[in-house]
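In the two complexes that follow, subunit A is the common piece, with subunit B as its partner first and subunit C second.
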Partner chain A sequence: MSGIELEDEKMSQPLQPYAKSCRFVLEEKFGHTTDFCLEEISQSGCLGIICYLKTMVDLDAIQEIAAMLQVDGKGRQFGPLEEEAARAYGSRIFTTMSLQYPATLREVMDHILNGYMVICWDGLHEAIAVPVQGGEQRAVSEPTTQTVVKGPKDSFTESIVTNMSLVRRRIKSEHLRFESMTLGVDTRTSIELLYIEGITNIRIVNEVRERLGRIQTSSILDSGSIEEFITDSNLTPFPLLLSTERPDSIAGGLLEGRTAILVDGTPFALLAPVSIHDFFQTPEDYYLHFYIATFIRWIRYVAFLIALLLPALFVSVMTYHHELIPTNLLINLMAQREGVPFPTVVEAFLMELTFEVLREAGIRMPRAIGQTVSIVGALVIGQAAVEAGIVSNAMVIIVSLTGICNYVSPSYSFASSARLLRFLLIILASVLGLYGTLLGVVIIVAHLTGLRSIGVPYLSSTAPWIMEDQDDVFIRLPMFLNRKRPRLLMPQQVTKQSWPSKLLGRKGGGSN
Partner chain B sequence: MKHPFLSGLCSVMLLLVLSGCWDHYELNNMAIVSGIAIDAGKHDKYKVTLEVINPGEMTSKKLSGNMPSVVYSYEGKSVVEAIRRINTGIPRKMLYSHIQLVVVSEEIAREGLLSFLDYFESNREFRENVNFVMTHGSPAEDTLKISHPMVRVSSFKIVSQMELGEKEWGSDPMIKLRDFILAWQSDTKEPLLGAIRVKGDVQKGNQITNMRKIEPSALVELAGSGVFHHNQLLGFLSLGDTRNVLWVQGKLKQSVLTFGCGEPGKMGSYNVINSSTKKKVNYTDGKLKIDISISIQSYISFMECKVRLSDNQEISRLQKQIEAYMEDQIKGTVSKVQHKYKADIFGFGDLLDIQQHQQYNKLKSNWSPVFEDADVKVKVTANIRQSGITTDSFLLKAPMVRPENEQEATEPD
Partner chain C sequence: MTVPAVEKLSRWQLFVVMVTFELGSALVVGVGNDSRKDAWLALIIGAIAGLPLIWMVSWMLRLYPGQTIYSILKITLGKWIGNLLVIGYVIYFLYLAAYVMRDFIAMMNAAVLPRTPAGIIGFTLMSVVAYIVYLGIETIGRMAEIFAPYMLLFTVAIVLLCLMSGEINLHNLLPVLGDGWHPIIKDVFPAVLGFPIGEMPLILMVLMAYIKRVDKGLGVGMAALGTGTFLLIISIVLQISVLTADGKARASFPLLNVARLISTAEFLERIEPLVVFLMMLGILLKISVFTILGVQGLEAVVQVPYRHFSFPISMIVAFIAIVHAKSFTDHIIKGTRMLPTYFHMPFQVYIPAVLFIILLIKHRPTKGKVGEGT
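Now for the complex of A and B:
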């Protein structure tokens, strides 16, 4: 450990004004990695080095800069104590570029690793870092997991700069803040904490910042790992942060008074804090007519309940509470179960597991075979199993309905929680019937009540009940009536718009 | 198990598994009982007959032309014993919560052997709103043995007959088990029970071929109702009387009235589309006075007499006719029940309990003579709304030859 500390100490000392010594240290640090380029330049007997990672830069830009250095024919002689010499030199040659002047070896390395080209000259106490970031990256495309019918079609990419600009273009406000930090000892992943000054509650921002600062890890490859580090509780199947690849979703969240976390290298950004109701809402709700939006929200709640409860209810009614089924339906179900060799609960487990396996296979399979898997799967479950008399038709209907309802949820990780809890409820239902199912629901609700997301109660707006927020929970009131930001986030500025003049005019008996 | 949380969790899970499942039955091992018939047994006191549904025959996909239900009888010293021992002949656990019909035979009803109803009321599986009915003449078990092509399970067929009979004409009182028990335990009110009978040959009717005939060899039909004193059958009321009883009780909404319209041998028919009944009882000077006022909405469905229906005066004359006819009919039924059976099936006692509670408390122990002496007044207000979709009938102008053998038709009794 002490060796590493010593190393760190050496790294953070001021840069020596000798290009040779820089070269020596950098070559030692980067070793023989093939993408590290270091070239010596000399002008009028003065020695300099330029270094960059060719995997991180735009090679065309390097060419241009090299040309600029050639053009600058004046002799380079820097006095050893010229403090501002680097800056003067930099701004003279590279006008209009946002240059950085790293003063320690550590900073020099960070800049190289982040795709800068660093120039060291003899006699300069600071290096000059020129932004020439480039390299291959994906273009902005349509979101793959959170598609909408009506609304913006762009989504985040793996490049954090692109992602930041996607958010910034939506919120052209001087109050939007980006706070950078680098996480992961090995990956040195750039992370941006986003919030809007004057709207987001400063205590939430501080809390998120503090939690991010506490992360000590070797690698951050996706926002999912950050989520597990900063979430309030990991002992829950429910996601406590909302992960989305939609810039409009992030922008909407920021404007409501939430914070967002962008991670370099993944198109999934995080929104925090969130309540359970945010997982039933999509940005599309605000682009559609509010009647439709409200109706669809209700559909989502119902679908979630079906995905969670239907197999358990079916098992309990089929094995314990036959009197609850209408007579004609019961006769029908009996006729179907005639000759099925398994108890209902085994049948349910069998089918649910088959479904989960098919689903996983469908995701992991190469695209070309995926089609075949789904057709074979559907045939195996739907037709062959029923015809062979191994499962009943009703069970196939129940399982497929449950599966489809699970896909209704706008958030993939939230839907997964229902997938998991469903099995627990089926076990309870098979042992205790409806009583057991209800018991399970009570336990789940009790658990939900105890959850918090960045300190905000997970069930908030319903428990604790916040009347003022109800304009955008189960029903979405039209935009002009939705005047306040959600109170559960305690935003610094609650009111987001005044009463529309049209309404006021009407109230005052105006001519409108 | 070192971890206290884990061991606690495990014991809770064990608790669930060990305590549950006692009432766990898979549908494959169960059979739905659709109806139950109770007769007096030959060897033992009761003979219980269950109609059990054969589910495969009830769904169109698996239909193979067999009987949709199976009937099995067992005798026992009590109904409970017979029901419990039914598995001597049927290989499945009986599911009683879907019973649609309980039939008792006339014999059982006459002897008053109805104490077994206690079992039906206290058992958690039986519903209190199961339809309760008795037979008129035939053994109760026969009613469950007759197949019919439209509703293939006998119990379901009888129940839908009863429901429609009550709704469309008033031919069945639709008594539920709970209604009967409430009337039985009442001080003054006496139970009324719908009756059914088998028409035709039971031996031919209990075969699948019965369903293949255009005119089935045997049929279960509604046969009015029976009047009880507590648990004992006193006698029967005809379909028409049953309808009138329902009218007085205020249960009737729709019916048809047919009677002579004034000219000899000619009939008028009126569809009653809505009806409301108001009753008042008053006990003064040692005599019970009962005022029944019924107001009906009707339309003319058929009119043989030459009546100009576009004329308001004619309409009000017809309204008077309806009123007179109905008052006469209903008075007749009430006085028949009063004097022949002396049983207050209408629930006038309950009304007095509400209106004159003190008097009721004095009279309730000896209600029957009070009811018999009661002075009953019936007032009907009839309203004719329309005459179908035409105003004047074409019969008004059409020349007609009177058929020779046309008889004086009366309402079916």
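Now for the complex of A and C:
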């Protein structure tokens, strides 16, 4: 450990003004990795090196820069302590580029690792880092997990620069802030913290920044790892940060007064803080007519409740409370169960587990054999099991309805919580009937009331009840009436628009 | 931005907690059976009698903002007498929790889980209560916020369904004051005043310390008393008009009997298990509030955070609930004969009144000053 610290100290000392020594250290540091290119250049007796990682740069740009250096053929002799020499030199040759001037070895290496081409000259106390980032990246495409019918069709990619520009293009405001940091000792992943100055509550920004700063880890490969580091509690099946690949989602969240975290190398960005209701909303709600949007929101809530509760309710009613079922239906159900050898709870578990297995297989299997699995799955679950008398028809309906309802949720990680809790509720239902199911629900509600997302109560707007926020929770009021940002986020600027003029007239010019 | 050190309740939360609290078990068991057809009148009188209690309690808590009745007792009466009274309150609250628990166990056994042992119901429910108490007062406030609309909805739904079934016969309420005022007054003092009216100042004694603006506590208390009483009166009028006064007095769980009679739209029959489960939410909140009041008293005595007590105390409550009475009849007799005289009156009226007088004497010369300070 002390060896590493000692080395770090050496690395953070000012750069020696000798290209040779730089070359020596860099070659030692990067070892024999094949993508590290280091070339010596010399002009009228003055020695320099250029170095870059060819996997990280745009090779055409390198060619151009090499040409520029050639043009500047007359060479330079730098005075040994000339202060601004590197800057003067850099700005003379590369007039239009945003250059960086790393002054320590650590900085030089960071720039090389981030796709800069670094030039060191004898006699310069600073190196010149030219941005030539390139390398393979995916083009912006349609989102794969959060699709919409109406609305923007772009989604984040693995490149953080692209992602930043996707957000910036939506919020052309000088108040939008990007704060970058590097996390992960080995991966040195770039992270951007986004917020809007003057809207986002500064305490929230500070809290997120502080939590990000506390992360000590070797690798960050996806925003999911960051989520687990900065979340308020890991002892919960519910996601406390919202992860999305939609730029309009992120932009909308920022404008409401949230912070966003972009992570290099993944199309999934994080929004924080969030309340439970944000997992029932999509950006599409705002692009559709508000009647429809409100209706769809309600469908989502109901679907979530079905996905969570239906099997448990069915098990408890079939096991303990026959009297709740209308007689004709009860006769039907009982007739179906005639030949089934298992108690309802076993049946439920059997089918739920089968469904979960099929679902997991559906995600992992190679595309080519998808057909086979779906046919087998449909036949196994749908027909053969019923005909063989292993499960009843009703249970198949219940399980498939539950499964479909689970897919309604706009957030994959939120839907997963229902998947997990469903099994807990089935067990409680099988032991204590409806009483057990209700106990389970009470436990879940109590648990939810205790949760916080970056300090904001998870059930905000409902519990604690915030009347002013109700224009955009269960009901989405039309845009011109939705004048305030959500209070639960304590935004610095609550009002986002004034009353529209046609209403103003009616209200007698009253503004507020 | 992390969890605030001091727990806070909003005024709305306090209001909702108090209303659900009052409805919690009063919906389950009959109220004002001795007043016969005039039970609703008894409730109104009881509520009017409850107003000075609420005023008294909120006046005392305004003198010491942020302090519960426990600290006020200790500050005013000294460590020893104060602690003794606090322990008395703790026992009282936990006994009430156990009492409500027993009501619930009996109802579950009567209506939905006839063969499940009382112990199972008691200990499972109290485990959940322990978890809620562990999560703290804020959680109780928020849970009340979440469940209150459903409880209201269900009360309205029962009334509507009864109307649709044609079971409501308002003539059952007549004649008003058929037996004169005497039985009503006898019923109000102490039975109706002790339960459910007097329980509202009880929670105010502790939970008012948690709202941000103590000076609004009185208003919240009054509003909660009014709303709670109003909803209870609706339920009682429903019970009497559907079951008649005799039927209500005979039934252990009158509202359940009402639900049993509902039969509409060909398929809405036998919905009483649903009614039971909706009542369960109120009961659960009520037991949680009583338990949390109890463990807060313990915290005041032994200076250990109340969350540490949640599980053991909850289990003790479950135990008391099962052993405190030999049968349901015994339980009801204890509730109507012993509780009002020996528990409700001293803890709801006498002790606060004495404390009130002491504080009045103590603070009379500096009253203006205190008013400025708060």
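Note that the second predicted complex is superposed on the first by the 505 of 512 C-alpha atoms of A that agree within 3 Å, B and C clash if a C-alpha of one lies under 4 Å from a C-alpha of the other, contacts with A are read in each partner's own complex, and residues count from 1 in each chain.
We adopt the following convention: contacts are C-beta pairs under 8 Å (C-beta built on N, C-alpha and C of every residue); 3 or more make two chains touch, one makes a residue touch a chain.
Here the structure is a predicted model, which is why all the values come from computation and not from measurement.
Visitor: Subunit B or subunit C: which reaches more residues on subunit A?
Guide: C
Visitor: Touching A:302 in the superposition: subunit B (first), subunit C (second), both, neither?
Guide: A:302 sits against neither subunit B nor subunit C.
Visitor: Based on the superposed arrangement, let me know which partner A:450 touches: subunit B (first), subunit C (second), both, or neither?
Guide: Touch partner of A:450: subunit C, not subunit B.
Visitor: When the two structures are overlaid on chain A, which partner does A:67 contact: first (subunit B), second (subunit C), both, or neither?
Guide: neither
Visitor: So, A:465: does it touch subunit B (first), subunit C (second), both, or neither?
Guide: Only subunit C; A:465 stays clear of subunit B.
Visitor: Of the partners subunit B and subunit C, which touch A:420 in the superposed model: first, second, both, neither?
Guide: Neither subunit B nor subunit C is touched by A:420.
Visitor: Which partner chains sit in contact with A:320 here, subunit B, subunit C, both or neither? Use first/second/both/neither.
Guide: A:320 contacts both subunit B and subunit C.
Visitor: Would you sort A:379 into first (subunit B), second (subunit C), both or neither based on which partner it touches?
Guide: In the superposed model, A:379 contacts neither subunit B nor subunit C.
Visitor: If we overlay the two complexes on their shared chain A, which of subunit B and subunit C does A:203 touch? Say first, second, both or neither.
Guide: second
Visitor: With both complexes overlaid on chain A, does A:479 touch subunit B (first), subunit C (second), both or neither?
Guide: After superposing on A, A:479 lies clear of both subunit B and subunit C.
Visitor: Jot down the residues of subunit A that show up as touching in both complexes, subunit B in one and subunit C in the other.
Guide: Overlap of subunit B and subunit C footprints on subunit A: residues 320, 323, 432-433, 436.
Visitor: In the complex formed with subunit A, which residues of subunit B make contact?
Guide: 16-17, 20-21, 23-28, 30, 32, 34, 53, 55-56, 58-59, 61-62, 95, 97-98, 100, 125, 127
Visitor: Given the complex with subunit C, which residues does subunit A contribute to the contact?
Guide: Against subunit C, the touching part of subunit A is residues 203-204, 206-207, 232, 320-321, 323-324, 326, 432-436, 438-439, 442-443, 445-447, 449-450, 452, 454-455, 457, 459, 462-465.
Visitor: Provide the residue numbers of subunit A that touch subunit B in the complex, in ascending order.
Guide: Of all residues in subunit A, those touching subunit B are 318-320, 322-323, 327-328, 330-340, 343-344, 428, 431-433, 436.
Visitor: Sort out for me which residues of subunit C touch subunit A in the complex.
Guide: Per the stated touch rule, the residues are 1-3, 10, 12-13, 108, 112-113, 116, 120-121, 124-125, 128, 131-132, 135-136, 138-139, 141-143, 145-147, 266-267, 269-271, 273-274, 277, 280-281, 284.
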